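Data first, discussion second: the structure below is written as structure tokens.
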Amino acid sequence: MDTKGIKLVTIGGGSSYTPEFVEGIIKRYDELPVRELWLVDIEAGKEKLDIVGNLARRMVKKANLPMDVHLTLDREAALQNADFVTTQIRVGLLESRIKDERIPIKHGMIGQETNGAGGLFKALRTIPVLMDIAEDMQRLCPNAWLINFTNPAGMVTEAIIKHSNHKKVVGVCNVPINMKITIANLLNVPVEKVQIKFAGLNHMSYGIDVFVDGKSKLTKVIELLANPENQLSMNNIAPIPWEGEFIKALHMIPSPYHRYYYKTGEILTKEQKEFEQGKTRAEVVKELENKLFELYKDPNLNIKPPQLAERGGAYYSNVACDLISSIYNNKGDIQTLNVVNNGAISSLPNDTVVEVNCTVTNNGPIPLAVGRLPFSINGLIQQIKSFELTAIEAAITGSYEKALLALCINPLITDDEKAKVILDELLEAHKAYLPQFNFSS
Amino acid sequence: MDTKGIKLVTIGGGSSYTPEFVEGIIKRYDELPVRELWLVDIEAGKEKLDIVGNLARRMVKKANLPMDVHLTLDREAALQNADFVTTQIRVGLLESRIKDERIPIKHGMIGQETNGAGGLFKALRTIPVLMDIAEDMQRLCPNAWLINFTNPAGMVTEAIIKHSNHKKVVGVCNVPINMKITIANLLNVPVEKVQIKFAGLNHMSYGIDVFVDGKSKLTKVIELLANPENQLSMNNIAPIPWEGEFIKALHMIPSPYHRYYYKTGEILTKEQKEFEQGKTRAEVVKELENKLFELYKDPNLNIKPPQLAERGGAYYSNVACDLISSIYNNKGDIQTLNVVNNGAISSLPNDTVVEVNCTVTNNGPIPLAVGRLPFSINGLIQQIKSFELTAIEAAITGSYEKALLALCINPLITDDEKAKVILDELLEAHKAYLPQFNFSS
Amino acid sequence: MDTKGIKLVTIGGGSSYTPEFVEGIIKRYDELPVRELWLVDIEAGKEKLDIVGNLARRMVKKANLPMDVHLTLDREAALQNADFVTTQIRVGLLESRIKDERIPIKHGMIGQETNGAGGLFKALRTIPVLMDIAEDMQRLCPNAWLINFTNPAGMVTEAIIKHSNHKKVVGVCNVPINMKITIANLLNVPVEKVQIKFAGLNHMSYGIDVFVDGKSKLTKVIELLANPENQLSMNNIAPIPWEGEFIKALHMIPSPYHRYYYKTGEILTKEQKEFEQGKTRAEVVKELENKLFELYKDPNLNIKPPQLAERGGAYYSNVACDLISSIYNNKGDIQTLNVVNNGAISSLPNDTVVEVNCTVTNNGPIPLAVGRLPFSINGLIQQIKSFELTAIEAAITGSYEKALLALCINPLITDDEKAKVILDELLEAHKAYLPQFNFSS
Amino acid sequence: MDTKGIKLVTIGGGSSYTPEFVEGIIKRYDELPVRELWLVDIEAGKEKLDIVGNLARRMVKKANLPMDVHLTLDREAALQNADFVTTQIRVGLLESRIKDERIPIKHGMIGQETNGAGGLFKALRTIPVLMDIAEDMQRLCPNAWLINFTNPAGMVTEAIIKHSNHKKVVGVCNVPINMKITIANLLNVPVEKVQIKFAGLNHMSYGIDVFVDGKSKLTKVIELLANPENQLSMNNIAPIPWEGEFIKALHMIPSPYHRYYYKTGEILTKEQKEFEQGKTRAEVVKELENKLFELYKDPNLNIKPPQLAERGGAYYSNVACDLISSIYNNKGDIQTLNVVNNGAISSLPNDTVVEVNCTVTNNGPIPLAVGRLPFSINGLIQQIKSFELTAIEAAITGSYEKALLALCINPLITDDEKAKVILDELLEAHKAYLPQFNFSS
């Protein structure tokens, strides 16, 4: 990270999210002098890469910055001497996500892309590709940090840290920042003044306390949240209100994703309806993306179009750019990240990945000690962690038994026989992206 | 426990199970010289106590033993200087169990008496009564062991140990012995030669290894169990076969009760049907019990009638009598019991109650070290333990919030709004047996 | 902490260290607007309080700041609505320290004021007084932070947190900052660029890694330290060089205090010589202090005199002022502090006090996760923690047996019979300051 | 272990202890039908093997049993299809032990054969040989149990379990049984009625409770032990009385070996005197052994001579024979053994070897859960465990640094410079038996 500026590489550069990310980099240029931005994609994504890449170039040009935007299908060339690498890939594209969602629902089970059967299959397809990227980095840019946007971000990060030689990896997610902003709005204070003590796993972390100016405001927040008008959600999750008495009893802030576990029946009913109408989330997103790419093509567009906000990844760019800048500038601010536990949560193994507050230094993020998980949330977090560990094992080894076991452990899959049926159909459907599995028999 | 023989007290002596227990005592008289057997019940159970007590007297007479059978409603008199006390009570009788089962099912949730909402309410009703018994024992027979048959046996035992002054309590259950007998039959070896390494919680423990003559036979057992013809069940649980591939993937022996968690949908469907027909398990048991008491009345009957076997508590008597005899005789044999963890399962708190193998000495049972739980079962066990801890807190404090939280944590209750509805209905239904709750508002 | 400025209270205000502390506050006035500085002492310290207090007033006057310096013997008045409270007291004055050091040495054991028998007795005398201060704070200024300078800082902090109602306490020590400065000098880099990963207990923490600009320099530092010319020490500890091969084998940075444990014989020999010459550390300090107070009396002196540097508490002021400022300004920088473990060091209980890196926020310091202690240091740290826990129990309860046990656990006391002799003599010598012990018999 | 009887192999068969072991086997023939006893030794021990072996044959003949006694230098032949293997070897013979003891004392440090520098060097010499034996067993008799008598028994057992492929190993020691017998005598009850709850490490375990007929007698025992006339010791440890007040404060039963840690100065003084007189324990033992072998040569001797009792290994034979018989007969009795912790002591890692009570089954010993160590003993036990782990690493890798670190961690070595001097001298002295170390430089 010398004076010649930063080389930043984005794998999956053709993603519809890229303009937001580019906007974030441009805004932070003073503190984060990115001189080379490499957008990398695969052959199948070349067209999108060109569309998005050209938009990125127009945005940089408009900002009048000395930043080169490279578009390439040659990952190795891009990674050479990189300082930071981000990933935002989707193995099998949205077509795969559609299958992840539709096949489980057909059998009466939720299959969201980071939860249930969908989460398992996204992990099975994604982990081998990320492992390759990590090994390339270890060879071509061993000091670079890998900022992993790619879902399921917790499992992917853990797989890389445990099974690759490249240990400088952080998993990022926009759920904590969204929760923080919503809470700040509820409390009517600037978001900078709010600190939430997060504890858990990716898409499974709770706000166990909230501080404003160093004083706990948890009781106030619980009161506000117990009012159905004030509840948290995000674009990609149905905004079903929480039972107020439950929020009071929990005395913590659930994440929007927790609806999958505390409102399973209602979500399932809703998803079954969407399934019948051909409007699962993946199908909706596909349509949205098509529209976005139409917009991106416009040669006069040189800013992030406002329509991107509907896409669901709000603040992803902030999360990633803030993380990169804090490492680069040794800021020591607190961010909520997916890192190796190392004892931060006493109730979970030290070598597993958790989502917790970290202080971000030039040596990377260091998790802040949380202590034991309160019992009210320990059970569910342990169950998802058991699922994750089994799913990672399945992704690394290609074991049919581990994949089946992961499904049966998952709290959204409540039937061992249906688990097998769903597994068999999904394996068949995603065959092309699962080289680690043996399909010969 | 001097030469004048043992004073044994059974609280809930009017239970239909008593003849089996009496048979067990009679059979072991040579090693376990019970001179006084006190059957205690409450006013509402007086009639049953007389019926069962008279049968017990006829059984003792037939065996020609110097054992006095006392029938009484005066618990204090019975407990005075007792050596062993067993409990087999049902607070609110079968009428309460019927409500425990029917109310949740009405709202689409399983409510079995030790699982789901039923388990919570049985705990809420039972724990205060058992606490009283424990405190009486501390005053009247502080050296006596309390052998707790009463379900939910794990939670009740934990509540007494944590919250009463009487620490000499062991929870017993007939599931492990049933599993052992079934496995012995499958392997075609005498049950005495089989040792199963159990780990977990009451109605939630897995056989993580099986030994015959000191050699592991787990792989053989898994193969046998994966065959749908060879599967374990018990009278009170639907014998739905396991998915063979799941059993192979799990590579452990699930308990019959695990069906509630790995076959939730199927069980629910079945229970909904029984609900509609007025044939929930509680209703069936009630009918069975009526028939049993008709039989017990027969003044010529002086043995345990074979029809009792259908009732579901097979081997309960063996479990309790063997435990009492091993303590009395310092046998040092291995039994599967509900005791304070004390580190036996590293993954659970030291001060919580677990169901594990113990060596039984004249100083009580000492748990054998298990180590960490395998991840494949850790999640579910942690979740049930979180439920248990929250439920115990609700039972001790009468907190509405803790009761609601316990339901929402329970994996069989998957909706926070329905949890509240079920809670409110069950609280209302069981009002008379929940003195710790505040119904004034 | 409103706009009217900060009210800061220093208990033991008559300490010779105060001018350094006042200097630190003056230097930071822009970021830390202390409007009221209350120096509190007891009757026996009135003369010193006046001398030091007047010097403080001259220093403030010279700096031309709107800061009132109050001198008082009325602790309650001082604490009323305070924002921050620091303590730097010495119960029994240096006379007591002299006994702490001389009595053990007479019997052939090291008795340094935070190690061995001296450490135990300083804890026994100090903890009850600090408990009173904490309870006063809870009543008079419940939101104020107590910054505890008073040794043994780790034990005192733990006693307050465990046994008082005032939980906002942080223990501070100048050893970590001294180590950091020495390492920075060795590496020839500015101290701001150096980050040491500390883990352990007060006067017992090791630097387990060193980072400069985010890159580990541990191997380099070890090489430098293995050279006897480059070794760390402090004014109050004999600068005996480490065996270079040992430093390489340890592959960590020991603290200067670790000499007591890895060079016990040599230190003992040296202290025995000082004992014979009447020049134990306490005796030397007493002489130094007398000289300092002579200087302080000079009405023309209006700065901290350079001679104070010889006293041994170098950088104490920096440590305390930086901590106060970081809390006040929510800085989020990393400081090495004595706080509740809360899982930061997995090998120690969650509720015990440890010395580790913390990020300092307006909600106080939050410890950074360290993980398990390396085995090479785990044993000694555990032993000192066992000593601390037993010593705290003795200090709170006044139990003779716990006090004896604490001595026998301490690695510097290697004989159970001599432990008793030393204990009896020290109890007698410090009788007046040990109200919790029963001397009637 | 079929009907043809047991094949038992003793490596180090020429040991002076062998007659006691043979006596134990003869006495238990009814329950433990040993048909083949193989005494194995190395070339250097051939003469002793013949002497001892012929005595063993005379003993068997006198007992008139169908047991063949084989004497051999061919270890592989002996191990073929063995059922049980015991080891009682001394690598480097008593000459090495003399060096282990004399070299440290020369530099003012205790060097007993399982403590301090002597313990380290016995481990360094012994572990590689035992590793070879374990690997031979894995090849030639994979189902056989290795009963390891060889000191330091805890470290040797842990090294084999962690670093060899043969996991069926148990470390045995006669200290617990000696403590039990002494306590039984003190209490004046038969030893069979006494149960001591042991917790710790080999030569470092404490009796944390004592039961007679299932009732705790700890307070009574503490009172008795606090009386200097009633104290525990063994032949090889100086019977210096404990300070009674210390025993009361500890409220546990220390082992005779704990004198090394709680009476370091006194023991050192005594050993320095023996050193000067050429009467270190090793030198005394050597003389004793010479006398014993003279006795053993007597062709009329056909029993264990009573003089063997002075040798120090009292009850070793009982311990080993009882263990073998309990495994063979699936007895389920409680024995105190060195086995993998597996969570039995929550304060120590699960994969380390501890000395605790076990129930002995035909699947080997299973440790009983102890829970957390009381703080009063946790520190010292952790320190010795840290030493053991570092020493094992040194023994396996031949690392000079790890060996030095092990010495510096050991509480009996209190000086880093002397540690290096002692290390260098001992390495040189034992060169021939340390193939894993590099002496080229």
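Per-chain numbering from 1; labels A, B, C and D assigned in written order.
Everything that follows uses one rule, which is that contacts are C-beta pairs under 8 Å (C-beta built on N, C-alpha and C of every residue); 3 or more make two chains touch, one makes a residue touch a chain.
In UniProt terms the chains read A, B, C, D = 6-phospho-beta-glucosidase.
The structure presented is a predicted model; accordingly, all values stated were derived computationally and were not measured.
Visitor: Which chain has its C-alpha centroid at the greatest distance from the C-alpha centroid of chain B?
Guide: Ranked by distance of C-alpha centres from chain B, the top chain is C.
Visitor: Same residues or different residues where chain C meets chain D? The copies count as same if more than half of the interface numbers are shared.
Guide: Over half shared, hence same.
Visitor: As a quick test, compute the distance in whole Å between the mean CA positions of chain B and chain C.
Guide: It comes to 56 Å between the two C-alpha centres.
Visitor: Report the inter-chain centroid distance for chain A and chain C in whole angstrom, where each centroid is the mean of the CA atoms.
Guide: Between these chains, centre-to-centre, one finds 45 Å.
Visitor: Would you pick out the residues of chain C that each touch at least 2 other chains?
Guide: Expected reply: no residues.
Visitor: Where do chains touch, given as pairs?
Guide: Chain-chain contacts present: A-B, A-C, B-D, C-D.
Visitor: In their complex, what parts of chain D are in touch with chain B?
Guide: Within the complex, chain D touches chain B at residues 195, 211, 213-216, 327, 330, 332-334, 341-346, 350, 357, 359, 361-364, 366-372.
Visitor: Touching residues of chain C toward chain D in the complex: what are they?
Guide: 108, 242-243, 245-246, 248-250, 261-266, 375-380, 382-387, 389-390, 400-402, 404-405, 408-409, 411, 414-420
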